[in-house]
Amino acid sequence: MLKEEVKRGVITENPILILALGLCPSLAVSTSVTNGLGMGLATMFVLVCSNIIISIIKGWVPDKVRIPCFIMVSAAFVSILHLFIKAYMPLLDQRLGIFIPLITVNCIILGRAEAFASKNSLSRSFTDGIVMGLGFTVSLLILSAIREFLGSNKLFDLMVIPKFQPLTAFALAPGGFFTIAFVMGVVSFLRSRKEARA
Amino acid sequence: MGEIIKLTAALVVISMVIGLAVAVTNNKTKDRIKEQQLHIQQSAVEAVFPSGVAISEHEGDGGLPYKYWSASDNGELIGYAFKITGQGYAGDILFMISADTAGKILGMTVLEHNETPGLGSRVTEVASNKYIWYPVGSSEKVKPWFTEQFEGLSCFKPIGIDKSGEWHKFDAQRRAQLQSRNTVTAITGSTITTAAFTKSIERKAAVYVASLKEKYLEK
Amino acid sequence: MEILIPILVLGLVGLFFGLGLGIASKKLHVFVDPKISRIQETLPGANCGACGFPGCGGFAKAAAEGKAAANACTPGGEKIAHAVADIMGVSASVSDPLMAVVHCKGGQKEALERSIYDGIKDCHAAILIGNGSKVCLDGCLGLGSCVKACLFDALSVNENDVAVVNPEKCSGCGKCVTACPRNIISIIPQVHKIFLACSNHDKGAKIKKYCSVGCTACTLCIKATPSGTITIEKNLPVLDYSKDENFITANAKCPSKCFVDLVKARPRANIDTKCVGCGECVKLCPIAGTIKGEQDKRHVIDKDKCIGCGICLNACSKRAIALWGGLGYESVENNSRLRNT
Amino acid sequence: MNSFMSIVQIALAAVLIQNFVLARFLGLCPFFGVSKKLSSATGMGMAVVFVMTIASMFTWVVERYILVPFDIRYLEIIVFILIIASLVQLLELIMRKFTPSLYESLGIYLPLISTNCALFAVVIINTGTNQFTGRPFTFIESTINGTASGIGFLIALVLMAGIREKLELADVPKTLDGLPIAFISAGLMALAFLGFSGLSFFAASGGQ
């Protein structure tokens, strides 16, 4: 059952490439693989925790204040995570500086909270949190690998090809858009081929 | 009326519970964060001065800079270190610089910046020769070339910017020639970032060293 | 103490906004007729404007105030008309479900092209450049402006480069009618299965030169159908769908096959043993030679020639003729004459 | 004179040099969601400018008079989120009551904005230091920054909507249809906006 769930999260309902959720951090942070990994795991942690809490308190929160409460829950987890990273992982904090607070408003968390956690039981929202977080991290890694290699000729901050002069545009804003467009194009190509065969 | 109470109660309870959770974590991590920051600051100061030197911290008494470190080698004063902020391309760049009483720069290290990755962010780039399939590379501690090129220049004279190439690619003879002209090489494609360093050193460092020198002479 | 301040501050901010929202929702409450939102939920939400109101929101408001008829939502059809009626507590007379049809079937195989168009895939754009690439100035350009306009994905351009409507998906909302620059799409009741697939106004046989399925206004179809059901306007027959006529005979009689019959295979008439051979049916049958047999002997129907128009059914006093077979055949009880559309 | 110059520089930076969508990647989810039609794009853009201005004012006041004196700046994220979400809902109610016509055109976008990363980001930036004067944002500067960022978002959104409406007619390869082609056109626009990066009026940076 879990394998099927993971497949759903990573492939069929991948948050970035298919649902087009959580684009802001994925483009901003994917300039290096270590950043991407750090951001992916941080988002996964916050997503899972907020999914759990929201599925617990969903019945109890009056409908009028539903949105403020749900966002606040995820904001709380982000602040806790932010303090935790500042205290124990200063290097990561230096790199992901502005992007950690942005996790709260990352459309995935509120998207999943609204669409999924507020309607399903705790265990299902927990798995959904993990699965969506995994999908987010995987696609983030793909994006950042491409951008880091093309943009600054590095992978995990180690040089890759000696004489290759990197195209710095890929490390900048336009590169982000082009990379995600390219990856989405490939994904939709594979999907249409699979549908054609099925 | 009941609905309003229910509404407010929900919001208040949730924000209080969250307030508690975050406050507790903050308490637990507060001193840890302070310790981290101190540790970073300490290692920055050590990186700026030659190793094996006695470093002492001083509170600037009202004058500039409001906090600085002085280093002396078995009693004889070598120089001062202090933090400077330059305005880079994408915001402030905070860096630590040390200079001897004559204004000659001893060492420099970047503390904080959010320059664009791949361009301005190369100020902290170490000209490493480690490749992905040969990650071991040279083990000795390599200083970032951009800050290393400032060593030996004087902060009293204007610092020129040479765009012909990057310092870490030059041989010793070209580097000596640059040093004599008190110029540094710019990172390709980010002159604004390079200018941020040279300008703030010319203006701020020079003033700091001058005021510290007087204080030293009075003592 | 360290922990108390944040809790208090957050609690206060929460209180401030909780009260703010609570009071605001109470005091600033704008009376919104609950019926409007309930109606809105039942509507398809396509905002197609077929009901004449600005989108579903506009229609819901008008319906709740009783200004709009419950069945005005054509795409919604019966289901929604009944739902809206229940909410409003009025009875909803179900208007006939409608459907769009494209009055052209001259594609690559049939119609000549006078130029090769390789510009933007849009009929409006093609019209700007020398009024389209087809010799026939009224034909379908097959570039899909109607396809893009359709909200129900009912229109598509077939491999012969002519726009075709899928009756199941079409809700008759009329978006495509306005989208087609050549105005060759019209809305007809879904009960009718036959329509004229040509909108060319050229005189006489001129059309034969550039379109093998073009209508030459030869008026044979008018002769084959009861008077008044088909009239000629600017060299083109116009079918009057309000009349009780299934136009099967018109389709059969048309020499250049301009009509399109949505029923894949028509049922065939069959004479059983009750036949006394009175010969009445032979007189009325529009296709000569389909019914054979001598006087007072049981007559036989030639299955290939029979077009299933059902005229002989009523002519037979002994009720000896019945319609058999047929694919996609819909029998509509209350409409006797159209029973065999 | 000096503060006026920094206001113009802030506005310029927020609209052109560090455009919210094209340079800082903020607010992409609504950006790609709403930019299909020009009318909805302008509506959304206006709503964002409106909400950003009010949110900047509100959060600046809370920051200066509540967070800083009590030294609980680490609560920043939560308090701001609470303010933004409730503010948007409050605005929706107020607009529905007092300006129904405005509510008709902007109303549907308001819930969409409350979860918009750009809104939250502008608020966080307002608490940082003003890069032109080195000192923290003053009240006017933070409001101008909010409005200018909103206008930057509006400009990018309207440009994008214009392009995407033209894209409907072009024959895009099947695999790139939909979002990928929108991303490519956004990438090209980002490339164009990169041209503004060197732009700075008055004194060169670090002039003061």
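Just so it is clear, A, B, C and D label the chains in written order, and each chain counts residues from 1 on its own.
In this section, a contact is a pair of C-beta atoms (placed from the backbone, for glycine too) under 8 Å apart; a residue touches a chain by one contact, two chains touch by 3 or more.
In this text the structure is predicted, and so the values were computed from the model without any measurement.
For the pair chain A and chain D, chains touching both partners: B, C. Chain pair with the highest count of contacting C-beta pairs: A-D.
Put simply, the chain farthest from chain D by mean CA position is C.
Note on chain placement: the centre of chain B and the centre of chain D lie 31 Å apart, centres being C-alpha means. Inter-chain spacing, taken between the CA centroids of chain B and chain C, is 74 Å. Chain centres here are Cα averages; for chain A and chain C they lie 47 Å apart.
Among all residues of chain A, those that touch two or more other chains are 64-65, 68, 72, 75-76, 79, 83, 98, 172. Residues of chain D in contact with at least two other chains: 72, 74-75, 78, 82, 86, 89.
Of all residues in chain B, those that touch two or more other chains are 3, 7, 10-11, 14-15, 18-19, 22-23, 26.
Interface residues of chain B, counted against chain D in their complex, comprise 11, 15, 18-19, 22-23, 26, 85-92, 192, 195-196, 199-200.
Across the complex, chain A is touched by residues 22-29, 32-33, 74-78, 81-82, 85-86, 89, 111, 114-117, 119-121, 124, 174-181, 183-184, 186-188, 190-191, 193-194 of chain D. Residue ranges on chain A touching chain D, taken from their complex, read 20-25, 27-28, 64-65, 67-68, 71-72, 75-76, 78-79, 82-83, 98, 101-102, 104-107, 110, 169, 172-178, 180-182, 184-186, 188-189, 192.
Touching chain C in their complex are the following residues of chain D: 62, 66, 70, 72, 75, 78-79, 82-83, 86, 89-90, 93-94, 96-97, 100, 168-171. Considering their complex, residues 64-65, 68 of chain A touch chain C.
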